[in-house]
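Presented sequentially are two complexes of chain A, the first with chain B as partner and the second with chain C.
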Partner chain A sequence: MRDRTLWTWHIGAGVVILVLLGLHMAIMHLGSTLGISGSEPTAWESVAARAGSLFFTTTYVLLLGAALYHGFYGLRNILLELNPGPGLRRTIDVGLSVVGLALFAFGTWAALAAPGAATTMGG
Partner chain B sequence: MADTSPRQVTFRLRRYEPGNDRQPRWEDHRVDATPGMTVLDGLWKVKELGAPSLAWRSSCRMGICGSCGMLVNGRPRLACNTQVTELRSDVVAVAPLPNFDIVKDLVPDLRPMFATHRGVLPYLVRDDTAEQEAPTREYRQTPHELEQYLQFSYCIKCGCCMAACPTVATDPRYSGPMPLGQAQRYDNDSRDAGFGARREVLARGSGPWRCHFAGECSQVCPKGVDPAKAIQLMKQDLVLDLLRLRRRRPPAAVAEAPHGTRREDIPAAPPRTVTEG
Partner chain C sequence: MESRPHPNRLGIRGWVGGGRWGFERYLYTLHRLTGLALLAYFAMHIFVTSARALGPGAWEQAMGAVSGPLFQVGEYLVFAAFAFHAVNGIRLAILELGFAVGRPIEPVYPYQTSVGRQRRLARAVLMIAAVIALWGGLDFFVLG
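Our next item is the complex of A and B:
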């Protein structure tokens, strides 16, 4: 039962990545073409403005979570194909969960701290 | 007029007897191959003329029983269903199906596969046991409902798909394409009500989640079954069930008695050949 749930989340994370990565690509590379933004998306002002936006902060955290889960689940599948014993399998599950959660926490902190950092650095 | 003169081919056979041999070895035998000759025919010739102790498993000789699955020139095939000429080679290399232990020579140990198969309840699961044990009428099923599982029911359990699957080769926990395909065959059957019971087995780690969709199982199936498709459909059904989006349906009911006058000239059924007790 647990594997079915994990796999369903894996597919769900894939859909989230597809949508949010599509949004990212559209903003970063097709902004002027689609008329989304007039300014250069990699300019300091643009980056700082996005970092201060609740919408973008939310999408960054969502994309981070989805990408980490999707990637670490795939890595787990590859590692489990090496046929580890029950003890090692448990270690892999716990290890990947801890590393994934740590990276998610760090990335979330970075996304939330970005507006303050941008204000400080931008003077 | 077609050329029916014999052609010399080499049958390169993998011989191994656990307990007596330290490791498998290859053995060459020259055989006169005529058009229409199958690999199974060739094995019989080799056994008659050069290797009387050669062991393999075969029965029906017509691609029905699924006994003679072997690795022929690097591909899992039925020996009875493979003609020597279609291999387009002067060497016919025959080995037991990979991903199974070897009983002797070309005989794979299929017991783990059948144990897993048994575990997915490969039969109609219903509440009306009395009707199943002593049927009074047929279960109602439309042609469309039949099509939902028909191609999966052509599986003859030869094990070729299991031998071709790269995941079975590396992950002993994985159930494999044959048991999973057969579980889906019954889940798709409108007469069946066993989805919940099979779900207890299939939703675990040994279920379809390990499948990487290499598709080799469907490529090699000698009966044209598509186990890879069955596994993807199974994933879809299980996920929709988790999300409570799977459409539930009661199993097909027993069909009503036909209307009209019963014909008088219908011969009686023959007597039972097997008596109870």
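Our next item is the complex of A and C:
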């Protein structure tokens, strides 16, 4: 894929992160000043309630994908700036892709399995 | 026109020296450092929060492992890093789209640079990030 396309996706992912991570930060860390704090956001009841919400599950997976792409593409740019040879460049491309995809698969499993855990184990 | 790669002779040392780019170069360095720190935190965050898929016992255990004042300060630093990285990222996108750099001018001596025109935006970024960081500090350490 051409670098310009990858870079455009990087910027697009940044916009998605800005919105969704901003929302995540507001809910998790700015609840007191924004007046949106019901119960403690990391208490199991709150976690189970969010896990059972289609909105939160969808946005978690979207944020996961966008943040991993944005982060690993940024890391790739930093590494490629150090002028690696073609073999090492290929290793960086494949290695970062594999790690990024593995983290995405694991994080998506957690997001999709959480509603089941919440309903069967006291959520 | 085909672009040719050019050697990056300074490597990571180039992050430290601002050279004639000055202030904006240090924002570039800070953007990279915060980006790398956020990526490292995010990878750990995925593992820690995946405990919710195993039920309330595993979740409480995971939260117990990352609680305490040291983790609270660390979490706040992540919040502050996000505030800077996000606001500075908006500045970079604005500049990349060609805004806030001034109109093109003829290259007549004494040459002028657009860096001076960007400086107001750079200062605004730092101020907005500082306000968000202070806001977070209020929630993290005073009201939270």
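Rule of thumb we're sticking to: the second predicted complex is superposed on the first by the 111 of 123 C-alpha atoms of A that agree within 3 Å, B and C clash if a C-alpha of one lies under 4 Å from a C-alpha of the other, contacts with A are read in each partner's own complex, and residues count from 1 in each chain.
Everything below uses one rule, namely that contacts are C-beta pairs under 8 Å (C-beta built on N, C-alpha and C of every residue); 3 or more make two chains touch, one makes a residue touch a chain.
The model shown is predicted, which means the values in this text are computed figures rather than measured ones.
Superimposing the complexes on chain A yields a three-chain arrangement in which chain B and chain C clash.
Legend: residue contacts after superposition of the two complexes on their common chain; A:3 is shown touching chain B, with no touch to chain C.
Of the two partner chains placed by the overlay, only chain C lies in contact with A:71; chain B stays clear of it.
Of the two partner chains, chain C is the only one touched by A:42; chain B is not. By the touch criterion defined above, A:88 reaches neither chain B nor chain C.
When the shared chain is aligned, chain C comes close enough to touch A:109, but chain B does not. Once the two complexes are overlaid on the shared chain, A:61 sits clear of chain B and of chain C alike.
Look at A:11: by the touch rule set out above, it reaches both chain B and chain C. When chain A is checked against chain B and against chain C, the one touching more of its residues turns out to be C. Of the two partner chains, neither chain B nor chain C is touched by A:19. Within the superposed arrangement, the part of chain B that overlaps chain C, taken from 75-83, 129-137 or 165-173, is 165-173. In the superposition on chain A, chain A positions 11, 81-83 are in contact with chain B in one complex as well as with chain C in the other. Listed in rising order, the residues of chain A touching chain C in the complex are 11, 14, 17-18, 21-22, 25, 29-33, 42, 44, 47-48, 51, 64, 67-68, 71-72, 74-75, 78, 81-83, 103, 106-107, 109-111, 113-114, 116-118, 120-123.
Touching chain A in their complex are the following residues of chain C: 5, 7-8, 11-12, 32, 35-36, 38-39, 42-43, 46-47, 49-50, 52-57, 59-60, 63, 75, 79, 82, 86, 89-90, 93, 96, 135-136, 138-140, 143-144. Considering their complex, residues 1-8, 11, 77, 80-83 of chain A touch chain B. Taken in their complex, chain B has these residues touching chain A: 167, 170-173, 200, 203-205, 207, 209-210, 235, 238-239, 242-243.
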